[in-house]
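Two complexes, one shared chain (chain A), two partners (chain B, chain C).
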Partner chain A sequence: MSGALLLLADGRFPAGGHAHSGGVEVAVRAGLVKDADSLAAFLTGRLHTTGLTAAGLAAAAADGFDPTGLDEAADARTPSPALRATSRRLGRQLLRAARACWPDPVLDGLAAAHPGGAHQSVVLGLAARAAGLAPAEAALAAAHESVNGPATACTRLLGLDPYQVVAVLARLAPELDTVADAATRAAAEAVRRQDAWPLPAASAPLLDLFAERHSAWKVRLFAS
Partner chain B sequence: MHRDHPTDEFGAPRATAPTELSGGRRRALRIGLGGPVGSGKTATVAALCRALRAELSLAVVTNDIYTTEDAEFLLRHAVLPPERITAVETGCCPHTAIRDDISANLEAVEELEASVGPLDLVLLESGGDNLTATFSRGLVDAQIFVIDVAGGDKIPRKGGPGVSGSDLLVVNKTDLAPLVGADLAVMARDAKAQRGELPTLFCSLAEPDGVAPIAGWVREQLARWRAH
Partner chain C sequence: MARALTAAAAPVRGELPVSVARIVAVPDTREDHAGTLLPVLSGAGPLALRRLRAGRGPAPAEVALVGAMAAPLGGDRIAVTARVEAGARLRVTSVAATVSLPGPQPGPAWYDVELTVAAGATLEWLPEPVVAAAGSHLQLTTLITLEAGARLRYREEQILGRQHDWTVHGRPGRLTSRLTVRQAGRLILDQQSDLGPGAPGWDGPAVLAGHRATGQLLTVGLPFTEPVPAALPVLAALPGERESPGEGQGAVALTLPGADARLLLAVAPDGLVLRRLLTQPADPS
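This part shows the complex of A and B:
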């Protein structure tokens, strides 16, 4: 366990995540998430789809895979235009914080190469690498983030008992490790082949639809 | 704020935001406006835009709580062209977006500089919040805290970071004081006790040119900003 990992994965790390719900705002409005049990189901699904995919991209970035190729791989794994825009915006915000914490020419180069922002999971992996973290740790941070942000958003949206919500996250923790392991192995394979295809491409079509719907809402509490 | 002193009384740096753009040009002065819901922040921003737009290149960033209501108010009243107004969404936490995690607001300011710049002044309006909400020094160069007499004449006495530490305290809606039983003299005395030498302005934005004292203060800030 590393201090830098705790810092990077902390929900208070100033990288813009607090304003995003990861699709849970639409799920709440649709009545699909309404209590701790339905939240647990939502988070489990999110972890094993977009969480796994993000963890693979982050691990590959931390493992030295070419960032431009990874950014294209992230685009290919993000069909929703709204989610692409969100991911790039969050990537830019994360890069700002990461460059302040762990100055590194690779991060400067990423900012110069992607003025509109690189995908958040790719930035996360490179930030982890700049912080001296291993690919497995980058994957774990991505997996953690894929459930932690929406859980916090749900606490605010539904006024759920925070002890129930944190207990849901605690029960998911072993699955986070499993997802991070799978992502790290896939990333190592991608690096070995110098090809992105072994990276996880698990998708959640409903989250894509939710994101598109959410971006058209007039009144909303979260940016995505 | 005391721009001639690089640190505050605790030795902490006063301005942490980089003050130059990549081309070496000085960036726009950034002024934050915070305060409770309904005190007149959006009205102040609108009035400042009308008062200053002929002489300055302006842009506005709003931080609505759950809508784009404030940005739309500014658009509807055509205080600035739409491309000069950006709304930031804050995920139920307006104070987080201006203080703890300022990244979305910094992005908005920088995008405005890039798209409609060069700018002289960016006004950042916080979503209506509580008395403890203040702007990060990494985001703004100076901040105005707007309260109103109808919110109760005890607010200055209660203090809090916005009332006691803002660079300018505005007490709005003085025209309502007789109607709500607010004692302006008490508010002035309490504000003085909380704020020491920091300025407080009493105004009524409902009156013609009611924003003039605030606009004058903003011009002073800009003159100091440009002198350094």
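This part shows the complex of A and C:
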């Protein structure tokens, strides 16, 4: 039980996530996400791909893995330039909020090493560590973030019934635990081997396609 | 260097031998000769290697991968390694698609590819697609190591099921893959995908959305032509976009971290459309 975890994972934590749709804005406009069922399918895919990858990076950062190596690993796991830019922008905003909450020389060092922003998942893990949270909690926060943002965005994009949307998230909750658990075990192995190789690198082709297309749109509701 | 093979083989290593086919390409340094020699060209297990063309002058030496028996079947462990030394040029193709089939016992097959390209060397790795037949599970692991200044064209195509699989079984097999690329010691691409029955969300709107084929073309240090948006009707025309409605396909060119590395990523309804999306003007057909 941790108040710090609830704070870090809260959608109202001022880290800028509310302005991003995680690809669902394109999926909605393409007609691929149109109701609660297709939203659930989208979120399942996102959770088990980029969500798992982010959870592994966050857990490894919280577990004390060298942040520079994790930043390189995150770059390689993000082939879309639009998504790399988004991740660093969100990382910078999250780091600002985290330094205000949990002053820590490691966070100061990260900010100095990455003036343009470090990857969001790496910052999340280090913020969790600074807040006294365990790697498993960092992984859970990252997994939560990977579905909560797009679900909220979808309420606005489709005008879906918020009760239906929150029910979708509730049904996904056990899978969040599974993903966070797999990410935490992988992170422990990465730390033991001092090698990022065991960390998940799961990807989804359409999320990369969506992100590049979205960045070319002139008119959009969300920043990504 | 043996990390991909070791890591991927770890779960059951010792139970079954890994058949490793090997290719080594070196520059021909004899007087009055220029080109590429293949001092090592050895097939193994179900993988035979055939020399299609000697590498004379600037033309690459060409090798074809030949599936000499039905493989991979569940439980198989096959591997191929290619090393291109400084100044050499190698092109590798295959004569047919690699069809992953279920084996006598349930369980996956493993296929490991390890490619090493030295500074000033060129590797074109352009095999036919991997096709996952219903009931099969293939774990494909590719590790590419590039020295600074190495040139690469690498194509990977994954087809979820043959027509037969969809008609008879209503589902494809499963393809789990990882592609890891290092350039001058830096990790520039590390990507896993898990597609087919048993992989959560694989057919949903974040991953393939009903497409049956996906693939990528990685180009490092070689000419790269951007896909023309008008020729690539992506998914469907969306309001506010200029592309015309298409047949449910899409491709995007991604600039990777690292030097001069581009990834052309595509999803398509079938293998033919996928190949069209992933073909560069300079590629052999």
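FYI, the second predicted complex is superposed on the first by the 224 of 224 C-alpha atoms of A that agree within 3 Å, B and C clash if a C-alpha of one lies under 4 Å from a C-alpha of the other, contacts with A are read in each partner's own complex, and residues count from 1 in each chain.
The criterion applied here is as follows: a residue touches a chain if its C-beta (ideal position, glycine included) is under 8 Å from a C-beta of that chain, and two chains touch if they have at least 3 such contacts.
Owing to the predicted nature of the structure, the values given are computational and were not obtained by experimental measurement.
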Could you say whether A:V166 touches chain B, chain C, both of them, or neither, answering first, second, both or neither? neither
Contacts for A:K218 in the overlay, against chain B (first) and chain C (second): which applies, first, second, both or neither? both
Touch test for A:A41: chain B only (first), chain C only (second), both, or neither? second
Would you check which partner chain A:V106 touches, where first means chain B only, second means chain C only, and both and neither mean what they say? neither
Name the contact category of A:R12: first (chain B only), second (chain C only), both, or neither. first
Check whether chain B or chain C contacts more residues of chain A in the superposed model. C
Does the superposition put A:A153 against chain B (first), chain C (second), both, or neither? first
Can A:A27 be said to touch chain B (first), chain C (second), both, or neither? second
Which residues would you name on chain A as touching chain B in one complex and chain C in the other? 218-219
Write out the stretch or stretches of chain B touching chain A in their complex. 65-68, 88-93, 96-97, 100-104, 106-107
Interface with chain A, chain C side, in the complex: residues 3, 7, 178, 180-181, 186-194, 199-209, 214, 234-236, 238-241, 250-252, 254-257, 263, 265-267
Which of the residues in chain A end up touching chain B in this complex? 12, 14-21, 89, 92-93, 96-97, 153, 156-157, 218-223
Applying the document's contact rule, which stretches of chain A touch chain C when the two form their complex? 23, 26-27, 29-33, 38, 41-49, 72-73, 75-77, 79-81, 84, 175, 196-197, 200-209, 212-213, 217-219
